[in-house]
Amino acid sequence: MPTHYNRIAGQSVERLAALSDGVFAVAMTLLVLDLHAPAAEAIHSERDLLHALAPLAPRLLVFLMSFMTLGIFWVGQQVQLSHLARSTRDLTWTHLIFLVAVTLMPFSTALMAEFLGFRVALLLYWLNILLLGVLLFASWRCAIAASVLKPGLPPEVIGAVQRRIVVAQALYAVGALLCVFNTYWSLGFIVLVQINYVIAPRIGILSRL
Amino acid sequence: MPTHYNRIAGQSVERLAALSDGVFAVAMTLLVLDLHAPAAEAIHSERDLLHALAPLAPRLLVFLMSFMTLGIFWVGQQVQLSHLARSTRDLTWTHLIFLVAVTLMPFSTALMAEFLGFRVALLLYWLNILLLGVLLFASWRCAIAASVLKPGLPPEVIGAVQRRIVVAQALYAVGALLCVFNTYWSLGFIVLVQINYVIAPRIGILSRL
Amino acid sequence: MPTHYNRIAGQSVERLAALSDGVFAVAMTLLVLDLHAPAAEAIHSERDLLHALAPLAPRLLVFLMSFMTLGIFWVGQQVQLSHLARSTRDLTWTHLIFLVAVTLMPFSTALMAEFLGFRVALLLYWLNILLLGVLLFASWRCAIAASVLKPGLPPEVIGAVQRRIVVAQALYAVGALLCVFNTYWSLGFIVLVQINYVIAPRIGILSRL
Amino acid sequence: MPTHYNRIAGQSVERLAALSDGVFAVAMTLLVLDLHAPAAEAIHSERDLLHALAPLAPRLLVFLMSFMTLGIFWVGQQVQLSHLARSTRDLTWTHLIFLVAVTLMPFSTALMAEFLGFRVALLLYWLNILLLGVLLFASWRCAIAASVLKPGLPPEVIGAVQRRIVVAQALYAVGALLCVFNTYWSLGFIVLVQINYVIAPRIGILSRL
């Protein structure tokens, strides 16, 4: 029986991490491509320039929100990869599909920034976050099923990783639901959730989310 | 006799892997640059936005197809590099020319997405895949000829790597040939081949391809 | 009590360095995207081409200034990371927010290049540099507070890192202040400060800055 | 006396290599951004599409020439870095300025592709190659002067690296000079020089260049 290519493919955690870091780095930097300097022709004074820059403020906020999203999921993926002894073909592909969702983020962000008040834009943005969460969850389950976690990993860690993803996605879903009132409520809620994950306050219930 | 520069150049597998991960990461992320948010002027309602987004669906599919292509070849190159004890100047250049084919993928993808029904676009897209396959095959032969494979590598692995490339390229060629009927038949067939490689089903003949 | 995700997240200095190198590399290369080849239609002679390229000179200078800025802060971050035994969740996020400021640099640069004579553009550019400095300082303090510096690090190094950031930011602030006269004075002063840091002359006071 | 920041900055060869790989990867991939799919409006048949693609052929050739240039200099920098025991602040900055020349390559390439017959475009393109060579030479001299080469490096290697850069730059200069006749002579000559370096034929004089 011939050696199956599938048994020797996609073993390296290091190269998966390197590719992921590259994709995250490019996606994070491309987010900003949506911020354009205003055209010089219409600008004749400092005041003109300030006025021309003002409409960029909401785009900047959406950019910051997306950067936080990517940062949160980069940290999340890093936690998983740091606990892998090796990878498998299936696990590598789960992470590659996770990277698809990462590369879609600049598009979702541009759409959200252009159509701040539109539910369609918000729901597509949330779908992107959901996709990131589902695939990160799937890659963790895949790693457990393939028994490629580093030996000696405490079972609490396995649970903590899963709980974090599920709780975060529940909160993001609540945020998305708030768009029945208004997309700005949704965006505000999602940003608060993200800030909570970024600063990780050590107070009561918030630190357990 | 002077030391030839060519004997000391291009030895590092690590840096070749790092450059390759970088090129793949940028190419994967640039694929999405072809997805543009619709212009805001013409959009006055949620329905308008949905209608404006609909034409992006085929582009999204072509994007996913290209991401799968790049993922498959990234895994394929990783398998080869992970078995190298060191590199040589010639081998490094074979991989660099392989990277040329990688960087061309965003262009081929944009062309395919813009001209879905055109055989010229499909054949150029297939030519890009063929180029990736030929160069990956050449780099493996080059590694064998230069005796830089890690010692103790079972001969079956050598065969498995070659067989995989040849079978895959044969299937892609069948896909390209289907354009005598219709480019959509070609695209559908190629996507099925790729999905087979991504999910690697463990059933009968499919798992041996 | 469940294991907190926050205790196991963001530990890897290697991946933080890899992501940072990626973000810096993309930002440095995107700076140049602002240099466009002139449109071919209006160019009929070598002289026409030279004339069409002349307006790119100030853009090239702003590009070089921004490349120096990014280079200086890349070296600065590298010094910090090279002294870390490990990272923490908070420290990782401080560096991620530092990377936000890095990704904003291509935008600030494009704005500065387009509006060379405008104080608004200059002050936003300086704000970007200030943000880089504040976050680099914060990440160093955070590393000290979390006791994650490599053991045996001489206390003088800790002071040298802080002193460098504070002195540099003071000089940049002086440069920004010079815009009460003229933005060109500001730009000239900032470039001189940067050249001092790049070539690091070994003469008297300059070598201590 | 306080510890000088300049003595502790820029020591890591690994991070310099990682940043360089990133910059090269982005620059190599951005070269292709200049290849645009033709606009769909004017294309109504396969023949139209073929005709619309034909003008891309010279751009593709210039792209390949620039990819070869970047590949040659990436290999050249890799040879140097692989022989460094550590880096210094000055050496790091020499390489950073070398990376400036790398990031300028997509612009020079776009200019050359747009103005194939213009000497101004050719000479700027050559200036970019010259800059790459001068800085690579300077970084090698800097490494020797700082005594950071790995111990035990045979002196012939030191000479081989320098000889290669000088000979290559002499050939590129001859190529540039040929533009007194015609820029196409120059481009043809430069491409031949590059192909010689890529395939490194093992015949007589060519293998010594």
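Odds and ends about this structure:
By written order: A, B, C and D. Residues from 1 in each chain.
Here is the rule we use: contacts are C-beta pairs under 8 Å (C-beta built on N, C-alpha and C of every residue); 3 or more make two chains touch, one makes a residue touch a chain.
In this text the structure is predicted, and so the values were computed from the model without any measurement.
Listed by label, the chains touching chain A and chain C alike are B, D.
The equivalent interface to A-C, defined as the listed pair sharing over half of its contact pairs by residue number with it, is C-D out of C-D, A-D or B-C. On superposing C-alpha atoms, the copy chain B sits rotated by 90° relative to chain D, to the nearest 5. At the interface between chain A and chain B, under half of the residue numbers appear on both sides, which makes the contact a different-residue one.
Chain centres here are Cα averages; for chain A and chain B they lie 25 Å apart. Our note on geometry: chain B versus chain C, Cα centroid distance of 35 Å, whole angstroms. For chain C, residues that reach two or more other chains under the stated contact definition are 18, 21-22, 25-26, 30. In terms of which chains touch, the assembly is arranged so that all chains touch all other chains.
Contacts from chain B toward chain A in the complex involve residues 17-18, 21-22, 24-26, 28-33, 35-38, 40, 43, 46, 49-50, 53, 64, 67, 71, 74-76, 78-79, 81-82, 154, 156-157, 159-161, 163-164, 198-200, 207-208.
Put simply, chain A touches chain D in their complex at residues 22, 25-26. Taken in their complex, chain C has these residues touching chain A: 2-6, 8-12, 15, 18-19, 21-23, 25-27, 30, 89-90, 92-93, 96-97, 99-100, 103-104, 106-107, 110-111, 113-115, 118-121, 124.
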